[in-house]
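Shared between the two complexes below is chain A, which has chain B as its partner in the first and chain C in the second.
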Partner chain A sequence: MNEFLKKSEIKRLKNLTFLQRLYIPEILKGIRITLRQIFKPSFTIQYPEQKFIKPESFRGRPVLVEENGVERCVACGLCSRVCPALAIDVQSAETELEKERYPEIFEINMLRCIFCGFCEEVCPEEAIIMSSDYELSFTDYNSAIYGKDKLLVPIEKVQDRLDHLHRTR
Partner chain B sequence: MNIISEAVVKILMILFINLTIVAYLVLVERKVSAYIQNRIGPNRVGPWGLLQPLADIIKLFFKEDIVPKAVNKFIHSLAPIISVVVAFSTFAVIPFGDKITIFGTTYKLVIADVNVGVLIILALTSLGVYGITLSGWASNNKYSLLGGLRSAAQMISYELSLGISLIGVLMMTESLRLTQIVEFQNGYILGFIPKWNIFLQPLGFIIFLVASFAETNRLPFDLPEAETELVGGYHVEYTGMKFGLFFLAEYAAMITASAFIVTIYLGGWQFPFVEYFNLSPFMLSLLQIGAFAFKVWLVLLFFIVIRWTIPRFRYDQLMNIGWKVMLPASIANVILTAFLIYFNLL
Partner chain C sequence: MHTASITIDGRKLLVDSKQTIIEAAASNGINVPHFCWHPKLSVSGNCRICLVEVEKMPKLVIACMTQVSDGMIINTTNDRVINAREAVMEFILLNHPLDCPICDEAGECKLQDYAFSHSSGFSRFNEDKVHKPKRVELGQHVMFDAERCILCSRCIRFCDEIAGKHQLQFVQRGDTTTIETFPGEKLDNPYSMNVVDICPVGALTNTDFRFKSRVWEMSFTNSVCTSCSRGCNIEVGVRNNEALRLAPRLNENVNSYWMCDNGRLNSFKNINSPSRINLSQIKIGNNYSDIIWEAAIQNIVDNLKVFKKNEVAFLLSSEATNEDNYIMFKFAKEAFSTENIYCYKHTEMNDEDDILIRGDKTPNSFGVETLGINSSKLQELIQKINSGEIKAIYSLEDSFQENEDLFNSFSQLKYFALHATNNSKFTTIANIVLSASTSFEKSGTIINFQGQIQRLIPSIATEEDERSLDGFELSRWDKFAAWNDKWGKGPKRNSRSSWKIVSEVANNFGIKLKFKSSEEVFLELTQKNSAFSGMTYLKLGSQGMKIKNKNINSEVKVS
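Right, the complex of A and B next:
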């Protein structure tokens, strides 16, 4: 600090007036500010009854998009590769559909997931996206591993997020 | 026999009321601090969070009582007891009303109307430092020890100005008996200002108030437990109800300090202009108790608001203020009062 600032350059409130040095008027000023705050509205959100309004870009738990009854995912494994928390497990298998591959097993360990959204960003098919769902609770380890049954969400329900992605990407 | 039973009833009443006030003081402090910080504060247990103190107490009782291996077991358990006993017993000499007549018998509204009341309070509050210092030492933890040492230094420095600022009042009232000090404050200056010592001794009042903050370890003088520097100070190694006792002692000390301030400087149970109301003696007594409680709560609220307004002093600032400002100022106050009394101006 002293290397960069000469002592004369350090700004300090010197030459306080007598009243300021008495300290008591300043305390009263402080109390006035404190008391003023009491009458201002509070910022608290009463959580379970009242929920905050989520912005479009809010990242909740990742979900798989389900289109025409099947997942969009082609089991390329990119999301699993990019996931910094190593939360995703994909096992691919062949299918008769046009996309040729589908995930036989798709599991996200929600205890590991850090809601970073990398999986959404990397996915070439827009098959995994972040939903707005953030209220998760588990009572044991196994129930925290979300399989395809919990991850698949019909496309209508996540249309907002898809629109947001199209707008911002 | 009658005197003893009367005293026992009074003690139990005061103890009960004080414990309730402590419980609700914690709630009020949390609520007020919440509003000051634009939050809401506890509001889940009971309406407006009114049962929160109960929940806190139950929680403290069910917590595990962890005693670290390296502590001095005896002193470790003794310290919180000292703190609590000292904090509560001080209330014994504080008059919370004049007299009350119930079914033809007149009771004095003070547990012990002793003629050295002020000295007893000063003596007991200075014992309180033992609780903190011993807990700091017995915990065998450097943070606790630092907290205890700071507490000892702080108490000794501020007790001086506390005592000396009182001398001004004592010179005027010529008595150490607290009931007499309250009686002295009956009347008016210039016919309309109540003759409270705060108006006769403004400098002494300010010094006494600041020193009381230091004595009760409240912000801005909470150096013994400075969370940011000392983790939690002297009570780091305490859990469960032992920690609860320290907590209780801190707030009980606050109540005692406010009651003391009210008694000495704010006219005690005096209610200004009450003689024009033509009240029955019983109603008058109740009104006086109410006035006392009201004043005590005002001072308590002042304590709380100050806590959330002013940041903690640095240690050297604390010592500077104590020795270089407060002590000379309180001595000057004594000399000034002496002159005024000598020339019959007070």
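Right, the complex of A and C next:
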């Protein structure tokens, strides 16, 4: 028995009315609340048949922006450095283009990625951005490492996100 | 020495009166920011970042050019100096492009550091920056980005004063000033790549290393270059267990701040070259096939036992460490009590200068001489093989410089066991080739031509090693890679230090060599050879020591 609790303060035992002590009326009250919900509009989304409407700032998997057939990325490695989960691996190489360097290898380990969006924030070229794609599933470890083939996305498909970044930054 | 008593930032100091303010400050641990000043180059005084206030002088003065004098009171951190510094930084940054993300220097850039520590943090310059050529090949090994250049003239002065070749000069005027080679000239002196190290910004980049890795992704190990008997102190940049870049490290006794291009570019290329031997090879018929370590060692033991004791010769190597040579020497003396111990020395006397490059192309020929073995006796070995007196040879790793006489002579041997790091002409005649570690993969000591004994510290892990457990320098990737991460898992070679291989052979011969590390071998060597007495790896440190008596040619007493 808790010594700080006086016996008189435990009201439940003494103060119940007769009806309350009968138990069944209380059950009926509960059922009434439940039944009332049936006729109200439902909040549940029937995923995967139904999809939820994502807010503009939603952060899905990171993708690389492809512009005029080449990636914007200059392989500076800042995303790789800032990534708190060490998910990004970049190997740069020289190109004849004006940007001088490009990523020879660009890999994101999606098992490590925590969708924090730091890579998007640090990128000096707006080359890596968070897409709205969140449905990721893998059957083995190696397929969770996304290379350039899976990461490159044409700029038209991610224009919404770029516009959002321009508005909010 | 005339001394002058000066006051810097309230600290009273007694300094050499021939010093400039920046030197006096530096020798007392006070850092005055500087771009164009370099301790080994003449003073140019054009960057103006080192402005300091000297009391009773009307204007601020540049610390690099002003000689100290008695009673000088110098301020390096008051408001007037800081304002001037910020103004200078603003001027320097006016036309400097915001290239840091694609610049190789980022992370070790003086301008980048000073932009944080000595700059107001914003620019009032709204106009277009001046554009200049971005990719100019000054020489085969050096790429120049004219926009990034802050015109400090360090590279020009280096070529004039250290390399002794007048190859670079300023051209144009005002904000279009840039650096070019003289007409018809290329930046092709054998020390050209030092300009990359001394460049305070990323204007000069190393074409070999360009864009291979960001500097913060690499680990840096202090070691010694093994491309000639100078033994320049180096810093090995490693990422994913792969050596990517060598850079010189300050050692006033050996190489100062510099190293030659050949050493910088070529001394680490053998580690991952296609000719690298990955596992020991045994000759069966005319073909070579892989052989596991135990079998390879047993093969040597079995074959050497066939011959009489005076029919076997041993070759030490001036490319191997003192520890390797000592164990081989000890094995030869104890198991065969033989005098047939020889050594080859690779020399190219026409490729020598009075700056750094030595004609003796082996890093440790002096170390072999401390064991009493001289390469001049090699002719005697060739005669003995030709006359059939010597029938078998067990040799440490050596390229033998593709020597024709030696090749023909060794071809007559009944048994030839060779340690090797890479395939060469000589590995095609060896009966067994043992996969030896390169100088980047093993721990040990080498002695340069001045008698400076220096430490080789492993920077690349072999299959025996685990980077994170065996005391290697670690990069961020090495520290945090999990077992299933792709990065941090560069190729590892199945090779061993020569002293370990020879110890195994000796153990199978019944001579117990129970050394656990190269340090234990070295400690025994210090007890046996007076030239090394009192030395330990710890005492050698990062700069090395002079060995006791330079002209030592005494016999080392074994056992």
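Quick notes
Just so we're on the same page, the second predicted complex is superposed on the first by the 130 of 169 C-alpha atoms of A that agree within 3 Å, B and C clash if a C-alpha of one lies under 4 Å from a C-alpha of the other, contacts with A are read in each partner's own complex, and residues count from 1 in each chain.
In the analysis below, a contact is a pair of C-beta atoms (placed from the backbone, for glycine too) under 8 Å apart; a residue touches a chain by one contact, two chains touch by 3 or more.
Computed from a predicted structure; not experimentally measured.
By the touch criterion stated above, A:Ile31 is placed in contact with chain B alone, chain C being left untouched.
Contact with neither chain B nor chain C is seen for A:Ile53 once the two complexes are overlaid on the shared chain. By the touch criterion defined above, A:Asn109 reaches chain C but does not reach chain B. In the overlay built on the shared chain, the residue A:Glu100 is in contact with chain C alone; chain B does not reach it. Residue contacts after overlaying the shared chain place A:Leu78 against chain C, while chain B stays out of touching range. Once the two complexes are overlaid on the shared chain, A:Pro41 sits against chain B while remaining clear of chain C. Of the two partners chain B and chain C, it is C that touches the larger number of chain A residues.
Counting contacts as defined above, no chain A residue meets chain B in one complex and chain C in the other. Taken together, the chain A residues at the contact with chain B in this complex read 24, 27, 30-31, 33-35, 37-38, 40-44, 46.
Considering their complex, residues 32, 34-40, 206, 305-306, 308-310 of chain B touch chain A. Those residues of chain C that touch chain A in the complex are listed here as 101-102, 134-135, 210-212, 214, 216-217, 476-477, 480, 484-487. Those residues of chain A that touch chain C in the complex are listed here as 74-78, 80-81, 86, 89, 92-94, 99-101, 107, 109, 124-125, 141, 145.
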